[in-house]
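Working notes for the structure below.
By written order: A, B, C, D, E and F. Residues from 1 in each chain.
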Amino acid sequence: MRIKIINPNTTESMTEAIREKALRYARPGTEIVAVNPSTGPASIESYYDEALATIGVLEEVRRGEAEGFDGYAIACYGDPGLYAAREVARAPVVGIGETSMLMACTLGYKFSIITILDRFIGPVDEMVKRYGLTERCASIRVINTHVLDIEKGGEKITRLMIEEGRKAVAEDRAEVLLLGCAGMAGLEESMEEALGVPVIDGIVAAVKMLEGLVDYGKKTSKIHTFRYPEKKVVRGFPTLHGLTR
Amino acid sequence: MRIKIINPNTTESMTEAIREKALRYARPGTEIVAVNPSTGPASIESYYDEALATIGVLEEVRRGEAEGFDGYAIACYGDPGLYAAREVARAPVVGIGETSMLMACTLGYKFSIITILDRFIGPVDEMVKRYGLTERCASIRVINTHVLDIEKGGEKITRLMIEEGRKAVAEDRAEVLLLGCAGMAGLEESMEEALGVPVIDGIVAAVKMLEGLVDYGKKTSKIHTFRYPEKKVVRGFPTLHGLTR
Amino acid sequence: MRIKIINPNTTESMTEAIREKALRYARPGTEIVAVNPSTGPASIESYYDEALATIGVLEEVRRGEAEGFDGYAIACYGDPGLYAAREVARAPVVGIGETSMLMACTLGYKFSIITILDRFIGPVDEMVKRYGLTERCASIRVINTHVLDIEKGGEKITRLMIEEGRKAVAEDRAEVLLLGCAGMAGLEESMEEALGVPVIDGIVAAVKMLEGLVDYGKKTSKIHTFRYPEKKVVRGFPTLHGLTR
Amino acid sequence: MRIKIINPNTTESMTEAIREKALRYARPGTEIVAVNPSTGPASIESYYDEALATIGVLEEVRRGEAEGFDGYAIACYGDPGLYAAREVARAPVVGIGETSMLMACTLGYKFSIITILDRFIGPVDEMVKRYGLTERCASIRVINTHVLDIEKGGEKITRLMIEEGRKAVAEDRAEVLLLGCAGMAGLEESMEEALGVPVIDGIVAAVKMLEGLVDYGKKTSKIHTFRYPEKKVVRGFPTLHGLTR
Amino acid sequence: MRIKIINPNTTESMTEAIREKALRYARPGTEIVAVNPSTGPASIESYYDEALATIGVLEEVRRGEAEGFDGYAIACYGDPGLYAAREVARAPVVGIGETSMLMACTLGYKFSIITILDRFIGPVDEMVKRYGLTERCASIRVINTHVLDIEKGGEKITRLMIEEGRKAVAEDRAEVLLLGCAGMAGLEESMEEALGVPVIDGIVAAVKMLEGLVDYGKKTSKIHTFRYPEKKVVRGFPTLHGLTR
Amino acid sequence: MRIKIINPNTTESMTEAIREKALRYARPGTEIVAVNPSTGPASIESYYDEALATIGVLEEVRRGEAEGFDGYAIACYGDPGLYAAREVARAPVVGIGETSMLMACTLGYKFSIITILDRFIGPVDEMVKRYGLTERCASIRVINTHVLDIEKGGEKITRLMIEEGRKAVAEDRAEVLLLGCAGMAGLEESMEEALGVPVIDGIVAAVKMLEGLVDYGKKTSKIHTFRYPEKKVVRGFPTLHGLTR
């Protein structure tokens, strides 16, 4: 099966890191194509960034549909454009925020998400609510570090993640921890070693969910909410013309 | 005070109708400027349409901030781009979906929203949940008519709206009805006459909320969620460069 | 338009302060009449006080209807008698608790209410739940000061309010703060200066909501919940006879 | 033990019926005193009626405290004045709405309430929400009959109750039915015979809960919410002076 | 009336303590039979323990039905087997967890549960959610002591309970405290003295609820959820054969 | 990897059908072992049946841990014993109810569950609530057929499933349908063909989730809720001795 992983920001080193992480856990028969749009912000840290990134995500899904991909993963924790992408594609589309939470539900009673900046707590909180998982979420914590600084990361980031993870487990009663940024890929091992609880990277969770969906032959429901967009006149966005079927 | 009303779609006749409706209820001292972006879909009926429309909304808010507007209303019932626009502006930004619901809360125990298409029930349901108003919402009903057909509208639309409104009151126990599309502007009078309950057009609700906020000197909180977007490299979107402060 | 603001307690100095606050923010065409009942407690700090105050509120609304007022505001944070008053009046009736929360919803993701006494947290919590706004409320905090001591107030009250406001923003993630007592009118300026977040006095929020409702010609829905009270024999309460239509 | 049952309306025939019902199920050692206030509406069918009735309820509780009663039941389904009465008394105070629901929770997964008028659905719905029992409530249904007509009742009322009860069981999946008006006392037997599900009259539920509380020596918590009212100047309400300790 | 109290664990000294506690508060006419199953764990501190204990609970209910008991109480705070027991019996079945919470609802706005081990917070939290009482629960706290060590108890346990109770009242705003383990029977007196809030032992609450239900003649609803189990082939569990009617 | 699928009932033909279904969708490297306990009911249709079946499930998990399985699926829609099994095992344990819902969340806004008997709606409703997914569940519908009759099934069952599925989509706005009984395995194809929406069998969803968890090396969190059971004396249940570590 062929899976397209879309890094919604335009930082290619992150796309590369995402590809490596996905490849590491994809099973033999799964072909991983990791891309990022040609337009959009270098990192995604606000509703504004998400709005800009969504255009590129939709372009990539559109291209993917033409090329016959079996599924798509949006690899930014806020799942930008996820619902619009589901309208646009027939193949299943998942987000790393969503799938990290769904997987966590099978491993513990409550999970905590450790994400980037104070300002991102609101958007993540809304996302948890959107997915209807508020009761399963023990807390959302932050390391107060920008996405691109996490990527450069190193020891300090690991230390901050372990620190917040420890508080999530001890104070908020989290039983599973989620990496709240695609740039945190790879940190779960040192965190698990230090904290003794499962830590989930949504990139892997998304690949595994897609493998399962494709094995089972399931695609986005086209009844009610996620029908194809209505055909209509659109000004601008030349790369998206024809997207609507 | 100067208020900018942004019709997020690119259909100018709708912008004109919105302007007229706003002017009709704006008080003497309120200057109304109604615009629509130069890019985006002709109507907004899906998450996909909303994603495309959001770019234009953000451009118009950006321009508005340079021109010193006192407040912004996003005049599409799904409130596309509302949270991103709040990040971008210092002046208050409201949506017609949001303000119609807030006003309704003062007039009855439960409200119903009558909107366009079956496919739009999901997005409106999510919006109600996002605003935390699920318990006040009796139902979301549709007339199964496209936005641009509503605009052309006429008798038939009025009849359909009254029919769904009647069911909302009798079967769902709605006490206040909300027009779930900017294109429905003007229908509240015949509906009120037929049904005997208050019917609210979000365009008016938004203007009134903005007048109140500006009179009182209140602006979007810049703590936590709606801080200005982080400065960063953005590829493409030339009209939005410089938006971030 | 003529708006009647009812201070539900019998402390005339508070009525005067409420009138001044309302006048300061009412727009030119709005006539403000501020009153308090001739019966009831000197301040409202419990369910018991609210029960007693409600009789006077209903009397004042009754008189108001005879005099043709365009709208009513109940100026005590617990909104005593609000729902009964809606039954009794045709013109819209709002509470300062309710409208402060509705306005706050347009300015930030979560609000906190800073109110009087520990014992009042329960009633305010119930009120937030009644309005269906629990998810938007970050916290309810108190300065542990009696209403009449707040009115006398001075520096100390301001300091306490800033202190609790700071905790609400930093610890509870509030983005907007609400003055949880009509006696706090006027404190929002020093709080905003100190804390950098919008602070809302429900007196102003109520006036602005009423101005909007009256401009738009909207009145309380008389379907289902807020119909006029049933005609029936009532013993006692001579001032309320004839109230029922 | 001595229990005071307060019929909050001023219809003495209802007080008498309530006394009989309570006596029928009270155990030997329980002395039942049933009263109604000298002021207030002849029946309670709205928030307005509840506000008026609450004054009399508080008077009766005040008198009761002077006379040393062991507990109080408020015998109107809307539980008017319940929370204020808890502040005023040291002995436990329960409502027939509240205790009917609590008892029902032990007999089935979901209960339905069958009450008087369409207009009373809102207040009962709010009460269920206030007690935090929304998830246990299958539905609120009405027979569209005034309280005083129910009391006169007869065959027709029984038939209407069975009809709505049948719908509650079959359509709303209720497993227990609650009589939503003190005037319905006595209907549970024919309903149970016809429908085969437990039917609860809150008058009995309240007596039984009070017997249990008094046996166990438990009284209203005087921490936080239900402390005694603050001492203060109150104008009017001569019968309530001195109530505050 | 004859009430069977089932201690679901196999520690006879606990059964004896439960009997004594029940007898102390049962009223004269109530015959208390306290038993424990012959199989199962010596104490119940996990979902696993609950699963094992449930078999014995069902056996005891089965025997009880043959002997004509009027009601059953399951005397372990997690209410193991409660819903299965309701299917099996016609007479009412209550749990001490459930009834302690229902009684608490009449005495204060919020209750806290003080239970045994950190690991039991999850199961108790789920139970509160199952009963739909999440909004009434201020917190679940633990003394980190095993059930059998509580039984041996002594001064230290009392001190720990008071300490956690104090935090529940001061930090979590609890107004009523619940003993979260049958082995804590008897601690409520010293806790009430120290803390000044009502403290409830579910053993007493269960006896009182059953006395009320039996006085009123109410039994488990046999519609929908709690019908008798379907007749079918069961391998093993010889003591349970014939249980199904 | 080696996955053990436990059919919690004792009907071997169902175990065989479950094995076939799992094998059909397991990927090449996954070894499927399907078993059923030697004790317990022939089918599971009540809380009582679930209680009995849980003992056998725990035995099978215990044996599985000794044999080094990589994961466990409990193949009955009510997920009997799931939480106890998580305590007992280190390898991940999933239920077909749980995983069918989690997978459905990625394919549509709301799902409906079509299950066996009217009496099972309550238990399934509770399970949805337990997993925190109430907001994602459009409805629970039944075909009023016993498990063993479904297994024998044939045309009639298919017709009933399509009929209820059609109502779920049209009336309840379901976008994804879930087979609410392990005995329904195989029906999804005709349902999808007839209804045009994705239909999920939890057996496949569980296998896919386990494959993902094992690929990623994630195991049940042993912090807080799902620690190993405490060591203690247990009477009876000889096959479970030594289970606790």
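Note that contacts are C-beta pairs under 8 Å (C-beta built on N, C-alpha and C of every residue); 3 or more make two chains touch, one makes a residue touch a chain.
In this text the structure is predicted, and so the values were computed from the model without any measurement.
Walk from chain D over to chain E along touching chains and report the minimum step count.
1
Please check whether dropping chain C from consideration leaves the other chains as one piece, and if not, give the groups.
one piece
Name whichever of A-B, A-F or E-F reuses the D-E interface, so over half of the contact pairs are the same residue numbers.
Most of the D-E contacts reappear at A-F.
Measuring between mean CA coordinates, which chain is farthest from chain C?
Looking at centroid distances, F is the chain farthest away.
Since chain A and chain B are copies of the same chain sequence, what is the angle of the rotation superposing the Cα atoms of one on the other, rounded to the nearest 5°?
180
When chain B meets its copy chain C, do both sides use mostly the same residue numbers (more than half shared) or mostly different ones?
Mostly the same residues.
With centres defined as the mean C-alpha position, give me the chain A-chain D separation in Å.
The computed centroid separation for chain A versus chain D comes out at 52 Å.
Distance-wise, how many Å sit between the C-alpha centres of chain B and chain F, to the nearest whole number?
Roughly 44 Å separates the two chain centres.
Express in whole angstrom the distance between the two chain centres, defined as the mean CA positions of chain C and chain D.
Taking the average C-alpha coordinate of chain C and of chain D, the gap between them is 29 Å.
Could you say which residues in chain C touch two or more other chains, in rising order?
109, 121-122, 126, 129, 135, 173, 224-226
Which residues of chain A touch chain B in their complex?
10, 38-43, 45-52, 54-56, 58, 81, 83-84, 86-88, 117-119, 121-123, 126, 129-130, 146, 148, 224-227, 229-230, 232-237, 240, 243-244
Over in the complex, which chain D residues touch chain E? Could you list them?
25, 27, 29, 92, 94, 98-99, 102-103, 105-109, 131-136, 169, 173, 175-176, 196-198, 200, 204-205, 208-209, 211-213, 215-216, 218-226
Spell out the residues on chain D that touch chain B in their complex, using ranges where they run on.
121-122, 125-126, 129
List the residues on chain B that touch chain D in their complex, please.
Listed in rising order, the residues of chain B that touch chain D are 109, 135, 173.
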